[in-house]
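Once you scroll down, you'll see the structures, which are given as structure tokens.
Shared between the two complexes below is chain A, which pairs with chain B and chain C, respectively.
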Partner chain A sequence: MTRYVIRRMAQAVIVVLGVTVITFGLQHLIPGNLARAILGPRASRTAIAAFDQAQGLNHPVAVQYLDFLGRLVHGNLGYSYRLNQSVDSLIAHQLPNDVLLVGAGLVLALVIAIPLGIAQAARRGRVLDHTVTAAAFALYSMPSYWLALLLIAGLAIAVRAFPAEGPQAPSFGGMLADPRALVLPVLTLTLINVALFSRYMRAAAIDTLAQDYIRVARAKGAPERVILARHVLRNSVLSVTTLVGLALPAVLTAGLVVENVFNVPGVGLTYYTAAVNADYPVELGITVLVGVVTAAGSLLADIAYAALDPRVRYD
Partner chain B sequence: MTRPTTTSGVARAFARQRLGMLGLALIVALVIFCFLGPLLYHSDQLHANIDVTNMAPASARPLGTDSNGFDILGRLMVGGQSSLEIGLAVAVLATTLGVAWGAVAGFAGGLADAIMMRIVDIVLAIPAIFLLVYLATVFRPTVPLLIVVISLLSWLVPARLVRGDVLSLRTREFVQAVRAMGGRSPRIVARHLLPGTFATIVVSATFQVADAIILLATLSFLGFGLPPPAATWGGMLSAGTTYLPDGYWWEIYPAGVIIMVTVIAFNFVGDTLRDCLDPSTRMS
Partner chain C sequence: MAVRSRLMSLAVVAATAALAAGCSTASSGAGAKPVSGGTAYFAEQPLQPPTYIFPLISGANFSTENTAYFQTLLYLPLYWYGDGGKPSVDYPLSIGNAPVYSHHDTVVTITLKHYTWSDGERVSARDVGFWINLLKANKADWASYVPGGFPDNVTSWQAVSDSTIRLQLDASYNPTWFTYNELSQITPLPIAWDRTSLAAAAPGPATAHLPDTTSKGAVAVYDFLNAQAKDLSGYASSPIWSVVDGPWRLANLASEGTATFVPNAHYAGPDKARLARFVELPFTSTTAEYSVLTAGSVRGGPETSGQQISVGYVPPTDLPQRPALQSQGYQLVDDVTFGFDYFEPNFNNPKVGPILRQLYFRQAFQHLVDQTGWIRAYYGGLGVPTYSPVPASPANPYADTLASVNPYPFSVPAAKNLLTSHGWKVVPNGLTTCARPGTAPADCGAGVAKGEGLQFTLMYPSGMPATDGSMTDLQSDARQAGIQISLDQVTTATIDQTIEPCQASAPACSWELGNYGSSWVFEPDHYPSGEEIFQTGALGNVNNYSDPAVDKLIIATTRASAGAAPAALNAYADAARQQLPDFWQPSPATLVTIQSNLHGFTPNAYGFISPQEWYFTQ
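This part shows the complex of A and B:
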């Protein structure tokens, strides 16, 4: 187990390093050069030389990369010349908002998708199964913003049940103080995640139901309810840990779109605003952060899986 | 039910699946609508016309006009062309790249496999939309550029799937036999391993079209797709959003519905192909 965890962590470090290499490379795709992009097309040569000097851009590429990596290790995600503010300070106070929004969408989706998938597997081929499969299929084929727009049209405009806009207070406390405004963004994310998870939950539960130990439990006269709650649920939750790790990029993508549609002040919206303003350092800083979060998430999911499943022994 | 082994066998099994045939019919209808439609239904999608902005559907314009006075039905047709072109091209390019990568990694094994699969992990760690939006702010998006960039971000899943298939196939007796007869590695991969992964390849390519169309529409919705005067489904939906409270439904729902229908159609076909080609996932 320890050896597996160490090997898996080494892999995660490689992935994170790779993400930094890609981001560093992307920085060099900016047409002309960074100095021109920031100082403007009419900047003088001296100004550009001074900028390159100050930013270390006159060093060899390898040295520049190590500088970049060194800054990242210290939590420095870059500097927005447009906003005259460091990227980390820009997004630091928004991160809790994202954790709340994306986390609530994820947790609620699991709470719904796990029992739903098991219920589908238990009543395979019946009306409930077909209905849920069809609904999940439709949701799965919907871009997240389209679902968000439908929910706004239905629940914010036709029936004025909830505001069409997310909480507008930039602080975490402000987000919590306006729970009604959180409903539609969280509902959108939840539904998207349910569609993502319930298909796998159903398949995992069907697999589990076909196992020998279920047959043994049935033969011993265990009621179906106990079988589902004790054997199927426990084993299916296991497969969901891996799934959550794998689904993180999709979940974060939905977060970006939902923050944009509902105008929720979070890292996703900041990324969008930075892209509109061609504020490259902010875009890249957030991209590194997202890559690290994804790598860390899949690492945690794999370790959790290894720890939870007594059958999995990696050494 | 045994696995159909011939192309005509798969085609017959596919033809029995209602959802798959529905998906196929929808795809054919969409292609006709987008590529032949403009020949029959003429509309100017280049010049804004401020005399007819936000007009409700009427007999002359079945789906009304948008805030620039563009005819929405005609715009759906034109916007669909780029979506379908990019979606199909990405599926071909990304699948080719992914299959080659996965086959080489799975067959080579060892260090080469480890390095190649770590590269896949690295690119997978960054959600595609973040990279796409960044690239769209650095370069001006064009159809060929979007095809290349979306393909470069989409080959990872087929690479993983094909590698898995090749890993299990390469230890089989028939591969050992070819090797004993002196067959060299490229020949083994091309003639004996890749045909065994055919089912995986075809199914994954179909889903790639759906994924690429969603990704593209998301990019356009956020405002980083093909720049004006190009019409895009995502862009139409995004522009229509402004008028949601005004009740101009025709500026929102047609674009949203056509994106969804297109994605569902390719997913139906992909699901059905998987059921027909792969016995292990087939419902009894």
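This part shows the complex of A and C:
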């Protein structure tokens, strides 16, 4: 297992390096003058030359890439042209927002979707199954920004039960101190995820219920509740485990819509804005982070698989 | 230099002067009892929080949010531009008295009123000189720098006394132009900043051998202050940035962009703050801002808490909700900045440049721009047509009567006639081609080959519904004249990167038509002269326009005597409006929302805000 983890980590480093090469290369393939995009269309030649020199843009691309890697090794993700602060500090300020919102949405979705999927499987073809299936399809096919706007229109503007924007405190603790403001953004993320997870859980549970060992358990007189909790849950949850592992990068990116609509500055929105505004250091820094988290999520999912299913072995 | 203000970001909120019709400053609150205190909340533009505090700001950080909404609240410019909605200097609110020009307009003498820094020192002539010294040594870092312009055209300065500074110019200049375009670039800085580290005690006016007096020293001072300006979290507590002369001091700048100001107790100006606090709120999108606007409280004041936006804006896509906002109780103000809007033909493009250089073609193309129709259909009725680079709206003393007259009104038949009469075979809904090449008056013109078609690619920013609608309409109208336009939606950064001055042989000259989706706003150069956009080789002349006759008229606007200046400006404006160095399109306006019991808000033609004038009523 240890050798497997080490091998996977080495692979992850290569993958992340590959991502940086591609992103860096694509950035430099964009036609036009970066300094002009940053300094404005009326920048003087002197200002453009000074900018190019300060950012190392007057060096060959390969040298610029090596410089970037050198800084990366020292934990320096770069400095934002537009936001006048380091990418590290931007991420440090914004990541807690994402972890809180997306993490809460993920956990709540799992808490709801796992029993819901099992219940649907256990009552396959009945009213509950059809109703939840219809709701899941409706939510899953609904763009998240539309769902967010509906929740604002209904619960913030019409009923005025919750604020229209997420918590505005600049710290993790401050955000937790404003639970009412958390409701709508977390609810949006939860509903979307419940729709996805419950479908996977239902399908997996239906497969499990058809297994011989379930039939044996029933023949031995085990109560249905015990069968579902002890046998179906553990064997079905494996499929969702993979999903959750792969959803980890979503902490950085999936919150984009929620951040946009509910006024919560987060890494996803910063990434998008950096791409639109040609803020290359931010774009590259967050790309590296997403690459690392994606590789880590995939690895964690594999390890969780082994922990949940004793038949799985990695050598 | 004038600044191009983004349509989405623009706008906005405080920018502007009242439109001729429906215009409106916010209610004066007559009859209601003013109350002291309270917190006013101001909506920042999406994802544009304040990020730079040092007034000597480079192009990378130059934005309305950093200058007009942040720095000028703390550090007053020498002159305050925008007088009750009019695009003129507000001398009562300025540190400097009206400048006096002498020696054939080659010497400017400025006397300063008695303003003080919060460290107790007087705002003095030396502080103005400190700014000029820093600028002269760090031109590449000054967003508004134009070679030959300020501070190059100031050969020397002399502090005649604590309250009087004299500038020696390198030539005679139009006094109005110099006051509005060059003196507008001056922000006095406290001598306490004239240092290169925090280790030593802050210098004072009596300190000898201040570093800014040498070029090397001024570079070191700039480097030190620029480094200090990178510590955003330390702004409020910084011994540098806490020395202010403006009506406010910064109490806090949170990492996500919330800026909290409290009144500067040492402020010596006539407009002392009545609010207890002024807070600028960051937003991630116009949608988020509008949600808070509709869900929040429409009344503010000392006892009010909860979500609210005291002064906000309505996103263009939500303009139809105007009646709903009114019924909610918000005061609504239509605003338009002092500027003009246009899109760019690339005169040096090797393929279509020869066609674009023909005046008759530009006239024909301008006939296809349905400005009033676009305002009605795509701008939510909020906008003003552009007929001249010296705009008629908002009302101003610079525009002549011709500025309100469209020289090329929307007319597809007129466009077709112009093409036909110049040797083109017009094929409506097909491709119009040159049938009569040559340089005679009735021919297609120099560089246009027989059989060449009218096909263009027009690049514009995505995510701007008004621009998208307008350009699609233009494409449709042009097709009726046999002009084929391929629309290319890109990011604003791509446009900024792509549209640049170029030689015809350079790969960078491949762009044909480009629309920034934003206006040219006369800020921080406030005089509507054209030396920065239409003069040959000007930094803002990104589309390679060159006309010696127009150049001559432009130079006259900057060099004319005070008496001859209005005629010189009219001559330039009338030539430019007919010569079409760009294609004119409508300038968007902004709908500003104000809480029902907040008063004192006055739109500013150049985009500044003055929250010290705002107050709540009971």
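Quick note on the criterion: the second predicted complex is superposed on the first by the 256 of 315 C-alpha atoms of A that agree within 3 Å, B and C clash if a C-alpha of one lies under 4 Å from a C-alpha of the other, contacts with A are read in each partner's own complex, and residues count from 1 in each chain.
To be clear about the criterion, contacts are C-beta pairs under 8 Å (C-beta built on N, C-alpha and C of every residue); 3 or more make two chains touch, one makes a residue touch a chain.
Just so you know, these numbers come straight off a predicted model, no measurement behind them.
By the document's definition of touching, both partners, chain B and chain C, reach A:278.
In the superposition on chain A, contact is made by A:264 with chain C only, not with chain B. Legend: residue contacts after superposition of the two complexes on their common chain; A:160 is shown touching chain C, with no touch to chain B. Using the contact criterion defined above for the overlaid structures, shared-chain residue A:30 touches chain B and also reaches chain C. In the superposed model, A:85 makes contact with chain C only, not with chain B.
Judged by the touch definition given at the top, the superposed model places A:149 against both chain B and chain C.
Legend: residue contacts after superposition of the two complexes on their common chain; A:51 is shown touching chain C, with no touch to chain B.
Once chain A of one complex is fitted onto chain A of the other, the partner contacts of A:64 are absent, as it touches neither chain B nor chain C. On chain A, the surface touched by chain B in one complex and the surface touched by chain C in the other have residues 30-31, 145, 149, 152, 157, 164, 260-261, 275-276, 278 in common.
Listed in rising order, the residues of chain B touching chain A in the complex are 118-119, 121-131, 133-139, 210, 214, 217-218, 221-224, 234, 237-238, 241, 244-245, 252, 256, 259-260, 263-264, 267. Contact residues of chain C toward chain A in the complex are 1, 3-4, 47, 51-52, 58-62, 139-141, 143, 145-147, 229-230, 232, 254-258, 281-285, 287-289, 291-292, 294-296, 307, 491-494, 496-500, 507-508, 516, 532, 539-540, 542. Within the complex formed with chain B, the residues of chain A that make contact are 11, 14-16, 18-19, 21-22, 26, 29-31, 137-138, 140-146, 149-150, 152-153, 157, 164, 249-250, 252-253, 256-257, 260-261, 271-272, 275-276, 278, 280, 283-284, 286-287, 290-291, 294-295, 298. If you check the complex, the residues on chain A that touch chain C are 30-34, 36-44, 46-47, 49-51, 81-85, 89, 93-94, 145, 149, 152, 156-157, 160, 163-165, 168, 170, 259-265, 269, 273, 275-278.
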